[in-house]
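I'd like to ask some things about the structure below.
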Amino acid sequence: MTVSTDYTAQEIIVVAGAKILEDNKIVFVGTGLPMVASLLAVLTHAPGLIPVFEAGAVGPPLKHGLPISVGDSKTFTGASYVKGLNGAFELTQRGFADFGFIGGAEVDMYGNLNSTMMGDFPAGYGKPKVRLPGSGGASDMAASCERTILIVPHDKKKFNQKLSYVTSPGHLDGSPGARQKAGMQGKGPYRLITTRGIFDFEEKSKRMRILHTFPGETVESIQENTGFELLVAPDVTQFAAPTVEEVRLIREVVDPNGAFVKRAAK
Amino acid sequence: MTVSTDYTAQEIIVVAGAKILEDNKIVFVGTGLPMVASLLAVLTHAPGLIPVFEAGAVGPPLKHGLPISVGDSKTFTGASYVKGLNGAFELTQRGFADFGFIGGAEVDMYGNLNSTMMGDFPAGYGKPKVRLPGSGGASDMAASCERTILIVPHDKKKFNQKLSYVTSPGHLDGSPGARQKAGMQGKGPYRLITTRGIFDFEEKSKRMRILHTFPGETVESIQENTGFELLVAPDVTQFAAPTVEEVRLIREVVDPNGAFVKRAAK
Amino acid sequence: MKDKRMTLKEAVSRFVKPGDNVGIGGFVNIRQPIAICHEMIRQGFKDLTLSFQSAGMAPELLAGAMMARPDHCSIKRIELAYWGHEAFGLAQAWRYLAERGMIEFEDWSNYNMSARFKAGAMGLPFIPTRGPLAGDIKNTSRTKIVDCPFTNRPIALLPASNPNVALIHVQAADMYGNCIIRGTDATCAEISMAAAHTIVTCEQLVSHELLVSNPKDIMIPFPAVDAVIHVPFGAYPGACRRHYYFNGDAIREYLGCIAPMVKGGSADGLKAWFDENIFGVETFEDYIEKFSTKKLIADQLAEAYHCERLA
Amino acid sequence: MKDKRMTLKEAVSRFVKPGDNVGIGGFVNIRQPIAICHEMIRQGFKDLTLSFQSAGMAPELLAGAMMARPDHCSIKRIELAYWGHEAFGLAQAWRYLAERGMIEFEDWSNYNMSARFKAGAMGLPFIPTRGPLAGDIKNTSRTKIVDCPFTNRPIALLPASNPNVALIHVQAADMYGNCIIRGTDATCAEISMAAAHTIVTCEQLVSHELLVSNPKDIMIPFPAVDAVIHVPFGAYPGACRRHYYFNGDAIREYLGCIAPMVKGGSADGLKAWFDENIFGVETFEDYIEKFSTKKLIADQLAEAYHCERLA
């Protein structure tokens, strides 16, 4: 279990994401790093993980490696159920997904995510400063999965008190029962993985809370790079750096072409 | 084209029903005599008829003969589309069915049908005098097909001013635009075939009107056996008795086992 | 995914409880859960609500059991579109129970019930349809007519149906509960996904790898299923695509045992039928054993002919 | 059923009109109607609304054409859930047009758009979903939040989407328009049934008898289809299950022609791409001819490997 010394920020996210996934659970997997983390989990401690992809595949064995799209043919071969988007989302709205695993570009202290636009809202909605791809299935997973796991690159400008746009609702304003009052189901954001650490949402206040710092980070350094006040768990620990074997798996087996895990420039 | 001399009341209904069906139209076919009439039409003047069965089959060639259920395996082989009930009815609600072809136990002058109960309504709904099978898909066809063709055995007690229960709405109270006001689609009842003749619904009043009398019947004899005043088309004609060939087809090819067309007692 | 195989006895005793709303799969006498109903009758049931679109023998057996042994079997309420047997005749038990006011019922249409199960399967509290906008179904059911907020035209809203337990017979399943359905899907996928629990019987119980060799054949996914039982002829004497066509004689014979009671006759014939065919045997396999091999083979061959399939 | 075969040129000129709402099939770069988009660009189009859940190259080509030749091609509005290319990068034309305020748009989610097409396909004016109950999608779209009349809990109502014309690529069709889809159905059936007209391109155009040999494979029934055109590689350089995997290089190369314009660069590269690949050729077949046979065969073999299928 030698510790890697040259892992990248994306690689530690992938390792952290994989470790949070529990074996035999149904995980609705968003595109990008969640796909990479899910495949790593299947190849390590969670061979019975049941991925759901929004284009329609439920429970594929992923024997042909990393899909580069959630509608990729690799997600269908050997799957237990294949309809289209309505099929996957109806099943999720019915409550069959234990986890939703999604990325975003901006997050607030209650785990609400933005993947729509950066700029002035609502005035600038029609002409945003930066136009992002849009919700995709993220807001549906956020509204209906039992719990969600979020991935957001950690940057002070992206960790804001107020989002430009709330694409995928988390704990909303953190008030008690806010999700249920709004008509949503599930417990909302469970974990957030960033480039600096792993966070949960404190049970009463629903506020973002540091659980684990990544190597090289401290509670203070993370707080400095966050645009709002973080809570700190009583027993914050350092998340172990990826092992050489984990990094090898990512680079050679899970994402050998660097489809989502970008290689560091040589 | 020798005329048959021993055809039964059900056989002339079947022949009349078949003749009303137009080639290449999409016909949502209810169980019983509508199935027999549709198969006869396919075997005679309407080889391109496209039957839809509520259990899910669209456009089967019916090469294996008469289905004895609208969910019969014979309706699926060679069909162009097979889902389940929601598939068939969604397609119909979308407006793809040119005709709905349905039976009923009781009818009023506006072509509203009852296949639910005989007795006192609403007081006796929970304990009816006679409990009938229920709507099945008839009320859905009535609400969404472009036009409907009805089959009802002609009996004074079954042709009533007021039905015990309106299962499948026709022209409602006959007032202008009544169907559209209620939110339904399609033009409603187009033809009614009984054991005594063929009827349409007069365009303005939407009231039942004699178009053709069956052999042995007159406008007067039909009126005598009807519990409300019938309109009479300006050019009422006698519907020709089935030919020997038509009767042979029904008895030997279409329904050789008498599944729906009962044999006269010898 | 976990192994959900168990005996029919175990499945019924674990998942069918007094007072349950029971969703019945199939369509009229196609792919009805006959074997499951036999086992329910053997074990007895109390105060059930039955929910289905169009059904034949499944409720006819459950209701016949209530008529023959009211101490052992009782139905409280039925939500339905059609109960009958098409070419094989009227539902005698339906007439008997309804005309005597012995059960509650709520009339819907085939699409209404199918859409209600679909709403339940989608996790929605209701679904809009056009079906019951006029006529009396809206007056005798929980339908709500509202003006569409987008078009201002009337539209009907139907409450979702979420049975406590779904009874489903399919052509093939794996041990995890993934199911393949041939011919009409009826509303089996919707009922299974809507229900809190689902019991599946299947003509063929096959390996997961074989079952998923064409994933698009799978109509019911494993998370919707709680029990999987291998029961060949599990929908007999109804029909099951690719396996057997109707045994109309057996259906008519059973209906003939109930018919006299509609007109006030005795329950003796019906009791004798249940004693011989259900209470007098241990399992559904013993009931199937009563049919002649010749007849079973003829029904299999008729179905193979309709399907244009070589074995 | 009637013969709906025609040329792509004829289909586009008959069924795509100025101001149309155009429903785009496929999912991101899977089974997108690329050949149809090429022909639309050659013929030119005006004031279109594009409706899709998640799309990649189809809108990227249509929007790129508007950026290269605004006199010839224009998009007025987009109703969407996601526009991007997943592993192949961001949608450059999306950034360009949105950040300059050059088009109207309405954000939804994948399930929102899929459900809106589904409502249209069902003949309903709206459909309830849970998706946009919180967050800003409900604030920037026509979503209506109401209290469910059965549960009194909030539920979102989404207006149906009924495009004027649907653009759909499938694996196989017959001349009547019955279509088989392999792998994800995406929302192609819903879009086709919702739309007033549907243009279908297919990898294989086969006899009706072969197409219906397993009727349950048919995902789009003939009444929903107006034009059927045989176009092998019709979704290329996107992927099409059982036929070919992504040509990521071609996707990235095209995106690379637009990217400089997002930062204010010139349209020259993009114009050159269109001149060479679309305006400079007569048909989509001529565009496919530009790829090396080696690369096309490699993409076919990669897909066969992922599908675990022998030819």
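Going by the order they are written in, the chains are A, B, C and D; count residues from 1 in each one.
As a working rule, a residue touches a chain if its C-beta (ideal position, glycine included) is under 8 Å from a C-beta of that chain, and two chains touch if they have at least 3 such contacts.
It should be emphasised that the depicted structure is a prediction, and the values quoted were computed from it without experimental measurement.
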Walk from chain A over to chain B along touching chains and report the minimum step count.
2
Could you tell me which chains make contact with chain B and chain C both?
D
Between chain A and chain C, centroid-to-centroid distance (C-alpha), Å
42
In whole angstrom, what separates the CA-based centres of chain A and chain D?
27
Going through chain A residue by residue, note those that touch at least 2 other chains and give them in order.
57, 76-78, 82-83, 93, 144, 185
What parts of chain C, by residue number, touch at least two of the other chains?
123-124, 129-130, 153, 155, 216
Connecting every touching chain pair, does the picture come out as line, ring, star, complete or other?
other
Chain-chain contacts, ordered by label, are A-C, A-D, B-C, B-D, C-D
Help me check something: in the complex, which residues belonging to chain C touch chain A?
1-2, 121-124, 176, 178, 193-194, 208-209, 212, 215-216, 218, 221-224
Mind pulling up the chain B residues that touch chain D in the complex?
24, 26, 48, 50, 57-59, 76-83, 90-91, 93-96, 144, 185
Touching residues of chain B toward chain C in the complex: what are they?
31-32, 54-57, 64, 68-74, 76-78, 82-87, 89, 92-93, 112, 116-117, 121-122, 125-131, 133-140, 142-144, 165-169, 172, 178-179, 181-185, 259-260
Given the complex with chain C, which residues does chain D contribute to the contact?
123-130, 142, 144, 146, 148-151, 153, 155, 157, 159-160, 182, 216-217
Chain C residues touching chain B in their complex are 27-30, 53-54, 80-84, 86-88, 90-91, 94-95, 98-101, 104-105, 107-112, 114-115, 118, 129-137, 139-140, 145, 153-156, 183-190, 239, 241, 245-246, 248, 303, 305-308
